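Take a look at these structures.
Two complexes, one shared chain (subunit A), two partners (subunit B, subunit C).
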Partner chain A sequence: MGSAQSRRIDRVAAAGALIALAGCVWLPFAVSRANRIVAGVPAGIGSAGAPGYALALLAVLALVAALYPDRGRRPAFALASAAALAAILPWALGRSAVTLLAGAPAFARVSVGGGAWLTAAGAAVVWFAASQAASRRTLGYAAAGLVAASWALAFAFGGLDRLSLVMEYAVQRDLFWSAVGTHLSLVGISLGIALLIGVPLGVAASRVGLVRDVVLGVVGVIQTVPSLALLGLLVVPLSLLGLPGIGPLPGVIALTLYSLLPIVRDTYIGLAGVDPAIVDAGRGMGMSRLQLLLRVEAPLALPLMIEGTRAAAVTIIGIAAVVAFVGVGTLGVLVFLGWGQQADDLILLGALPMVVMAVVADGSLRWLGRAVVSPGLRGDLR
Partner chain B sequence: MIRLENVTKRYGETLAVDSLTLDIPAGEVCVLIGPSGCGKTTTLRMMNRLIEPTSGHIFVDEADVETLRPEQLRRGLGYAIQSVGLFPHLTVGENIVTVPKLLKWDKERMAARVEELLTLVGLAPSEYEGKYPRQLSGGEAQRVGVARALAADPPVLLMDEPFGAVDPLTRQRLQAEFVRIQRDLRKTVVFVTHDVDEAIRLADRIALMRGGRLQQYATPEEILDHPANKFVHDFMGADRALKRLGRVKVSDVMRTDVPTVDSSTRAADLRSRASCAEERFLYLVDGSGRLAGWFDCADLADGGGPESAMTSVDWRESAVASDASLKEALSRMLEFGFRSIAVVDGEGRLLGDVALPTIEAALGAGDTHVAAADGQGGARP
Partner chain C sequence: MKRRWTGPLLAAAAAGAFAYVVSRQDWWAAALAGLFPSLPQTVFPTATVGELVIQHLEVVGISSALTIAIGVPLGIWVTRASGKDFREIVAAGVDFGQTFPPIAVLALMMPLLGFGFAPAIVALSLYGLFPVVSNTVAGLDAVPASVLDAARGMGMGRWRMLRAVEIPLASRVMMGGVRTSVIVNIGTATVAAATGAGGLGSPIFSGINLQNGAFVLEGAVAAALLAVIADAVLAQVEEALAPARA
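Up next, the complex of A and B:
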């Protein structure tokens, strides 16, 4: 943070601004097709009209902010231009869709082009760099709220509903929401079970050498099995027990197994890493094993345990898509459906919510890690 | 209070402690000392059952510790471990009330105790209570460790090199504080160290160990004057007479009726003062009694001006504290080339002075001849 501020040029922000600028002027901003299957016709940023040119201008502004010598205002300025980019992007896409669809047949559709994706990615990079350098978090929260509001308004009034991605959604709305629900509940249940099993296993591993070797070995091996193979392998033991090899049960089992490694490992590392002198002091003052665990060791291991949970959550949000293969209606269903129909936007409709879920899970668990961990363990204490 | 009977601890082939018998009376400080690996820590940790003896019995308050639940026993024995071991996720205040919390004291009582203990170990409660261990210096952390051991007011304190990790100056301050605190609290203390000077200064009795075996268990004076064997003799060091000075507190032997002059008096006016006839030195003190310097009548007699006879000093540098030992006082005097040195309290107020003849007298039979004094009390070169 300090180094980024003292540097003349914020290189990360500059790279992000260049990416956004390249997206605006270089790649097709939107792609139009006569129907769902035929090859698309690329359209430049000109198709987006005034909001499109505003995007290009903002990308230049962000670049200037990144290159201009910092006098303390740079993070705020860069953050503002990144937020403006993200806020205007849906209006540019909407305008582009409206322009390209004017007078076209009913089957015609407009997809988001590479340029628009690149612009979004560039804005995200600038945002990241600026929020790393910014001294206050409130600015970032305010900007995020503004962007979200702008997107909502663009759906209602900006023609964003004419994009094929949105039209796919309109068609698949019921399937989409049930897939989101299934995906979330599958991930949530699996993560919950993994925590219930994994934390005690981690505790046991930190106490008994034999348990440690066995448990860490086994969960390590599980992690190396590819997800499809694991689902296939599960059929055997399940059928021996007279249980179905397809459906939610193998799905939950597979996701739980994948969550175990980071949770068990980080719980173990966190507990094993507690300074023996601290444990000794606690014992010497008359704490029982349980009191020692709950009052001293667990709080000290908590940062790592939350980190393990975060890693597990992000991993299985992705793997839950594969579980669609055994007949569970996760977001993977939309992706496979899109592949089958060669409909890129249907694939996106399944993939984008997973990205959002992963980002939200990542961010909220990081936040939790900061919120519940004692200030005495944080690096920023003076 | 604490009795060890033929206690042995064996680790495979090594005898960490070899049939140790020790009786520590209530209210006394017993210092366990000896070379590294001689079994001091093992002995201490067997007392609170962090280590179980291979054979033998340990009694605390006439109860065999084997018959007590370890947790119960430990809550009655304050324990300060060598590496301090403060809980990093808890504040200083929360650390201190670890045992009271286990004993389910109520909140007000714990809050009052934190304030009391922080004051006792010389840390301002308002400033330190909310700090986290990583915000403390090594010396501050060790004080908190001692406060934590004292928290539930246990009758017994087990301290394993509690001042091990601090610089010599802080160490001496902590030792002085320990002496002061112990004078009031009268705990039964088992104190591990491998610093001979620390042992002599703090101990009522010293238990000197070697290779798990007790070599001698006696008062510091006894051990210095009549070492039981050559090992004890060598371990205590060649400068035994000097070490004995470590037992004598400055405040016990200092002269208190020292001549003083207000420091605002003009030098020229001092010439006419009658006191110059009796004493060579007049101490200059300011309005609140703080040592500010001294006036040398001899300089005046030699024909020097009154200004040259006046010396201004900082009490922090040119005096000793009243709870310092004679050994410290002597070493300061040799350092400055003084034949006597002023004694001040914690605020720098002049309490008296100590001169070389006094120290010579304290050496007793005088098997050591410190530089001959010129006989005049309060003389400086």
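Up next, the complex of A and C:
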């Protein structure tokens, strides 16, 4: 059955290759501007010279690989073309920037165009399809290493420093790193407070029905309120208490409130889901109620509590951007400055690290959640 | 099966009361003037609360309609034989997309599409897709194989099975995805006011810029009420779609 199926075309990889090809020939690959603010002039893949044409050729190769009958080598071939696409992309961007800026004044700049983004997305789809079909994972790791090395080299020698995003970073370096620091510390502090409040609330909810109904109801309603509105609603009560309605205080309060729902809910679900027979066994061993909670129930509920923390972290990394409106210097400051000046690359400079933070927090807490599953239970699942 | 009427009635009453309160601009003016006696101007001058709510619902309504029109068919397609190949990549994309901060999606759309109403619509409907697609797939997956077998045994074709059996059984879970998507949209649309999309974010931003707490509160109260009541109404719809049990 396997051979009959694998001889069909790989439709996912074919779609990815077509997306990459569309990125190469259809949308502007790069956009040049005479200065930071004026409307851009789109430039095609030709501005990237040889690396640009190599991208288009590789997209065609990936398409051929996806459509050609599989005799066992297709995944490796498709993976190699996706990796080559990803590895050559920064060199094409760098060459495009150098070409378009030749003879232009110092404040002219070149931004990454929609075509380059689309090519990257298409390469990612081909990569995904090929690694699903591949029998061994080593090839994928090797390809990823190659791509990372190529990007590092392109930053050092490939003219990427002429890209608007990189120039924007060079100008805003201090603001950027202080925004990253503020963003992370705001999220960290709020998450810490939310755990200190949320875990006991979750424990109480698993013990008393009334507490469960009230607490889950209230945190559920808070979660629905738009973040900007919640910040606005905090202004008046805080100023009535003589506290600042603007600044880190309302920011921390808002982020803590938004973190509560996932943490309380998952702590509750985790504790409520513990098998009563296990609790009984602990009781039979003469454990006190506190011992039962700390040594039996909490370890079993821990994976879900970490899942709640993960959901909270991913949510508030985004909301921390909105907090910039009440005068806290998070990454939102860069996004909103960019919106105000219609400076696209300043927006990207604020938004991209947020995405990276969310993806890293998501991946690492998912990993931690799996790692703390009790070995006995893991045996059960297999 | 007995249906409970208190929930739907309460949600409808809350929605009606909200619509009425929002239409009484004089109440807002009086309340805000009373709360902020020292401010020279206490009501957002550009539009009434009612107009802002309608603007907001326009943005959310159009983007949610687009989301449903794309997300539900996409979710159905990847569970059919013809779209099975794409199931893994769509699931991975949806998982990845849900870790994106909504503000980042909004922010990343601006360089590609420019500023104003239309880019905000595109960003909101794109971000709204993730819960709709994942719940559509989850709902259809949860239909028991025995039920499908019975339907097949009754001689139903694939199309009729989807329409008469699978979608009705999955509709509650699908609606859960729509609810999440709409509520997130209402929140993100508030922030989208900063990009020129209009709506209830405008008085909040204007109030922050002018250091006018009354404008901020006007927009914040209306936006919070809108989100909470929309959630309550959609929760009732979700409840009503629960398949009847014998």
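Keep in mind that, in the parts below, the second predicted complex is superposed on the first by the 302 of 382 C-alpha atoms of A that agree within 3 Å, B and C clash if a C-alpha of one lies under 4 Å from a C-alpha of the other, contacts with A are read in each partner's own complex, and residues count from 1 in each chain.
Please note the rule applied: contacts are C-beta pairs under 8 Å (C-beta built on N, C-alpha and C of every residue); 3 or more make two chains touch, one makes a residue touch a chain.
Since we're looking at a predicted model, the values are computed, not measured.
In the superposition on chain A, contact of A:L243 is made with neither subunit B nor subunit C.
When both complexes are overlaid on chain A, the residue A:G114 reaches subunit C alone and has no touch with subunit B. Using the contact criterion defined above for the overlaid structures, shared-chain residue A:A351 touches subunit C, although it does not reach subunit B. By the document's definition of touching, of the two partners only subunit C reaches A:V322; subunit B does not.
Within the superposed three-chain model, A:D275 lies in touch with subunit B and out of touch with subunit C [touch as defined at top]. Between subunit B and subunit C, C touches the greater number of residues of subunit A.
Looking at the shared chain after the overlay, A:Q291 reaches subunit B, while subunit C stays out of its contact range. In the superposed pair of complexes, A:L146 makes contact with neither subunit B nor subunit C. Once the two complexes are overlaid on chain A, none of the subunit A residues touched by subunit B in the first is touched by subunit C in the second.
Those residues of subunit A whose C-beta lies close enough to touch subunit B in the complex are 275, 277-278, 280-288, 291, 296, 299-300, 373-377, 381-382.
For subunit A in complex with subunit C, the residues that touch the partner chain are 10-12, 15, 111, 114, 117, 125, 128-129, 132, 221, 224-233, 235-236, 239, 245, 314, 317-319, 321-322, 325-326, 332, 335-336, 338-339, 342, 344-345, 347-348, 350-352, 354-355, 358-359, 362. Within the complex formed with subunit A, the subunit C residues making contact are 35, 85-86, 88-89, 92, 96, 99-104, 107-108, 110-112, 115, 183, 186-188, 190-191, 194-195, 200-201, 204-205, 207-208, 213, 216-217, 219-221, 223-224, 227-228, 231. On the side of subunit B, the complex with subunit A involves touching residues 45, 48, 50, 70-75, 79, 81-91, 98-99, 102, 132-135, 148, 158.
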